[in-house]
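Each of the two complexes below includes subunit A, the first together with subunit B, the second together with subunit C.
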Partner chain A sequence: MSEKANKTKKYDTVGYYPGCALEGSGNGYDVSTRAVAKELGLRLKDVQNWNCCGAMEVKNVDPKLQTYLSARVLSNAVHLDRMNVVMAPCNGCYHNLKKAEYDLKHDAQSREVVGELSRKAGHKAYEAGQAETIHALDWIKEAIGEEGLRERTKGKLAGLKVANYYGCMYVRPRHIFPEKDQGPGSESTSKPHFMDDLLAAAGAENVEFPLKTACCGGAHTLSDSDTSTRLVLNILQAAEAAGADVIATECPTCHTGLEMHQVRAEKRFGKKTSVKIMYFTQLLGLALGIGPRRLGIHTNISESMDLVIDKCLT
Partner chain B sequence: MPIHEKSLIRPENLRTHEKLTIDGVDVSGHWSTFIESRVITDYNEALEAEIAALPGGENIHRCWQCGSCTNSCTVNAIEPRFNPRYWIYLIRMGLESELLRDKDIIWQCVSCHKCTYACPRDVVPEGVMKATAHWLEMKGHTATSPSMHFDREFTEQVVARGRIEDVEVLRGFFKRTRQPLMQDWLVEIAWRIAKRLPVKWGLKSAFSLLRKPRTRGWAKARRAIEDYIHAQEEEHEKALHIGKPQSRPRAANENAPVSRPSAAE
Partner chain C sequence: MPASPTLTIPAPPPRHGPSDLRSLADIEARIDELAERPGDPGATVRELLALGEEVLEHWLFARGETPTREEREGFRLLALHRQGAKGEPSFNACRETCRELVYHHNLIMLEPSHPDRAKRTKLAAMIAKHLCLFVSGKMQVAGLGEFCCAAKPLRSGDDQR
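== the complex of A and B ==
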């Protein structure tokens, strides 16, 4: 009990690492995350002068360079902001910070490269164990919890059918997420459920969706568009077949990929789907009574504003 | 077909005869298809070591050919020729010419990590795919793949400024691969966005042309990273016995030669 209380307290104020996507195409995720934090009385302290974590691209040029980039973000959080928890809503950022943590703990060569680059760049090297990286799902789940959400939302999302889509980077590969698959209460890498839990607490009906952790082809969204379109179309069609009104996302790359290739599937393959795509923070925000524009819902390409009006979620 | 036979039985090695009698036995037609015997002599004994010398390929020697990677693979499900287990087998056997048959699709790995999740031997097949794609490019067997163009464009912008801006990466990528920006589906997306927030979007894109997002005090990190990348490249070229550099990812040109300390920052 006391451990739980401590943890909740620890997540009341967290270091916030939005990353490049949330400042650009994933802006709706950023504004909705901030709006939800404000509404719930949680404090987000932006990591000072952050840099790109390396996303899905830098590792293909050099994996250890990616480790350095992610380690610099953690170093800033620890040494400039004095934070020991860093919350990253983007799956890519979250994954990379976790991977850096893992590599710095287990691989001497990674420590060497990060140490050397940090020294030359003129900042303290991040060392494994100095900070804990969490996802936006962990943050709300721990800081507010389902009980807390139930009280605050009063089942506002009742009647909304949701397919929860987690994608790849939140769960794979398993070894960089040592806290997952630890039995009851912990997140599962094969059948993740934190987003399901939070949205159910807000009254939504989660449909049986088999492609929760399927790949949307985000890494090649522009460089191998046909593959991405086919992968996305699978996800969209499976969600529709499951009866979902909306796919809830927790990653800007997945979200944008689903939206873009929904359009592309129609234009290029003549395959139309009409399921909407919204960030889980946008859905939680609506459940908390925040206006849709303040949650950036009008900026979603999948015209999800129509659904908000249809379902009287304002 | 067992995986080790895949490279032995090729359509061009199969022989059927409309009418043929051997020692009085009629062997005409499909029932008597022959496999022309083939002896492999063009092994590249260095192949496994070369892949292992590139980032991601380090654990290739651990593979015990269980097939879990291919079984779980996202791309394999839509393109059966995409077969990580088979390529790992070919590389370990030194069957370079067989590997080269599939050279144009190896870069298509989407890094979903399903293989790494499934692999019981910690081979990290996803890394092996990337190492193999690099190897193919460095050896001149393939041109730079679209995804490598994208990765370099992205990395160069990160190295130059510490941060990226999506519209900028998109523009750079389309320029590099000589594709038109005005593609029907991108136009549709831009239109949908513009329809609802003409003012904000217009301002934002105009703004991004003037001032790109950047990390403050990045110049020192940038130089350190450039030195590091160049050192790594030299090491990889040496491991692959390549004389002259084939590829040099550099930081995006910000009006100043990149490898020189820039006074602008």
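== the complex of A and C ==
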């Protein structure tokens, strides 16, 4: 069996780690991911009794504790659910699980701390290599692929101009993503393209968008909201200057930041932008003929229904 | 036959400290001006690249370093970014922004008659602005001393009081 066919089969059923954000502000991402999985015949098996990945906050207090928290999620997937692939749609979760994998492989002290904390918590310690962590983009790209999407969507997104925004955590730091930058077919850390590929396969026109991995100021949101608003405003204006109707996102933090600061930019600086913001799974869901409510589009802060109707996507 | 456009950017005179630089706010205002009223695209994008270098020099002076005069892949901007990210991995969040600015510079200089030249110049200004905003934010956070303000009391021991 070819490597491609192996991956297609391997990703047919994956451990699903939604993370905290998808149960809250990123709910539209969660429901659209599940709806798309069902439509495509892919199986998501929720990781039992999952916990926070440590996000950014725990890392600042104790990086080893964060490694443990992410390793516990992987341990549950492997030992409770018998899964060897864990799919994390949130960039923060994806990043932290990949970092835990890297630390456990390369750092003896991390292995020691994770072993000790796992023993105290009464579960088996996760060991590097027992599971593969993937993003929702890897999952659809490998399990269905562009050809599969082309057949199922019949170019439904034709006429929709999309700026694909990946944010900075999906590809950074490069060393924790050894599978990227491996030539044709693999994801690029400098110019990521998996989201572009999937949406193009569904008929969308991707615009040249130079800020696709630029910082959205997520870390400044509470400490210095004006900086975040100005960074986001620049991203929104650049997407409009590039000719986009909609910004496609693949991270709940980036998505919420773009939506929230779009509103704030108008209130605080009097700068209105009209580009829409939608999760890539919502756009793929529309392309697959799923209704907007089932994709949680009505729960987005950014009002997108007029665009959905204008482009005949419902 | 017209001479091919030069991609070499002459380095500015050496600057010895932040007082030799325009403020970040002034740089941002100049970028906005170039975005709104770009002149010749070639001259505009060269100025944007120089403004990007000046932004990175702010970051380096704030860290007590002397900005390099060297180039990387033919651009001082990339050498300055590399210098600024040493020991500060989070500064790599603007690595691709710097590379995009260089890429847009090259697009504009190498395809002078391209129909998208005006759009490319506008986008180049927005990329330069993003770099300026990002570094301004980093400077403020560096002043606070922590990436995340919530962790500052824990690290500084203020929560012991």
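Just so we're on the same page, the second predicted complex is superposed on the first by the 313 of 314 C-alpha atoms of A that agree within 3 Å, B and C clash if a C-alpha of one lies under 4 Å from a C-alpha of the other, contacts with A are read in each partner's own complex, and residues count from 1 in each chain.
Here is the rule we use: a contact is a pair of C-beta atoms (placed from the backbone, for glycine too) under 8 Å apart; a residue touches a chain by one contact, two chains touch by 3 or more.
If you're wondering where the values come from, they're calculated on a predicted model, not measured in any experiment.
With subunit A as the common reference for superposition, the partners subunit B and subunit C occupy clashing space.
Contact with subunit B, but none with subunit C, is seen for A:Ser25 once the two complexes are overlaid on the shared chain. By the touch criterion stated above, A:His298 is placed in contact with subunit B alone, subunit C being left untouched. Looking at the shared chain after the overlay, A:Arg230 reaches both subunit B and subunit C.
When the two complexes are overlaid on their common chain A, residue A:Leu211 makes contact with subunit C while staying clear of subunit B.
Of the two partner chains placed by superposition, A:Arg152 touches none, neither subunit B nor subunit C. When the shared chain is aligned, no partner comes close enough to touch A:Lys45: not subunit B, not subunit C.
Contact with subunit B, but none with subunit C, is seen for A:Gly54 once the two complexes are overlaid on the shared chain.
Of the two partner chains placed by superposition, A:Lys180 touches none, neither subunit B nor subunit C. When both complexes are overlaid on chain A, the residue A:Arg172 reaches subunit B and subunit C alike. The partner that reaches more residues of subunit A, of the two candidates subunit B and subunit C, is B. Of the candidate stretches 81-89, 153-161 or 189-197 in subunit B, only 81-89 runs into subunit C once the two complexes are overlaid on chain A. In the superposition on the C-alpha atoms of chain A, the part of subunit A touched by subunit B in one complex and by subunit C in the other spans residues 56-57, 60-61, 168, 172-173, 214-215, 217, 219-220, 222-224, 227, 230-231. Residues of subunit A that touch subunit B in their complex: 20-21, 23-25, 49-52, 54-65, 68-69, 72, 113, 116-117, 120-122, 168-169, 172-174, 189, 214-215, 217-220, 222-224, 227-228, 230-231, 259-260, 263-264, 267-268, 298-299, 301, 303. Subunit A contributes residues 56-57, 60-61, 168, 172-173, 190-191, 208, 210-211, 213-215, 217, 219-220, 222-224, 227, 230-231, 234-235, 237-238, 241-242 to its touches with subunit C in the complex. Within the complex formed with subunit A, the subunit C residues making contact are 89, 92-94, 96-97, 99-100, 103-104, 119, 122-123, 126-127, 129-130, 133-134, 136-137, 140-141, 144, 146-151, 154-155.
Taken in their complex, subunit B has these residues touching subunit A: 55-56, 74-75, 78-79, 108, 110-114, 116-117, 124, 127, 130, 145-152, 154-155, 158, 162-167, 170, 173, 177, 184-185, 188-189, 192-193, 196-197, 213, 215-218, 220-221, 223-225, 227-229, 232, 249.
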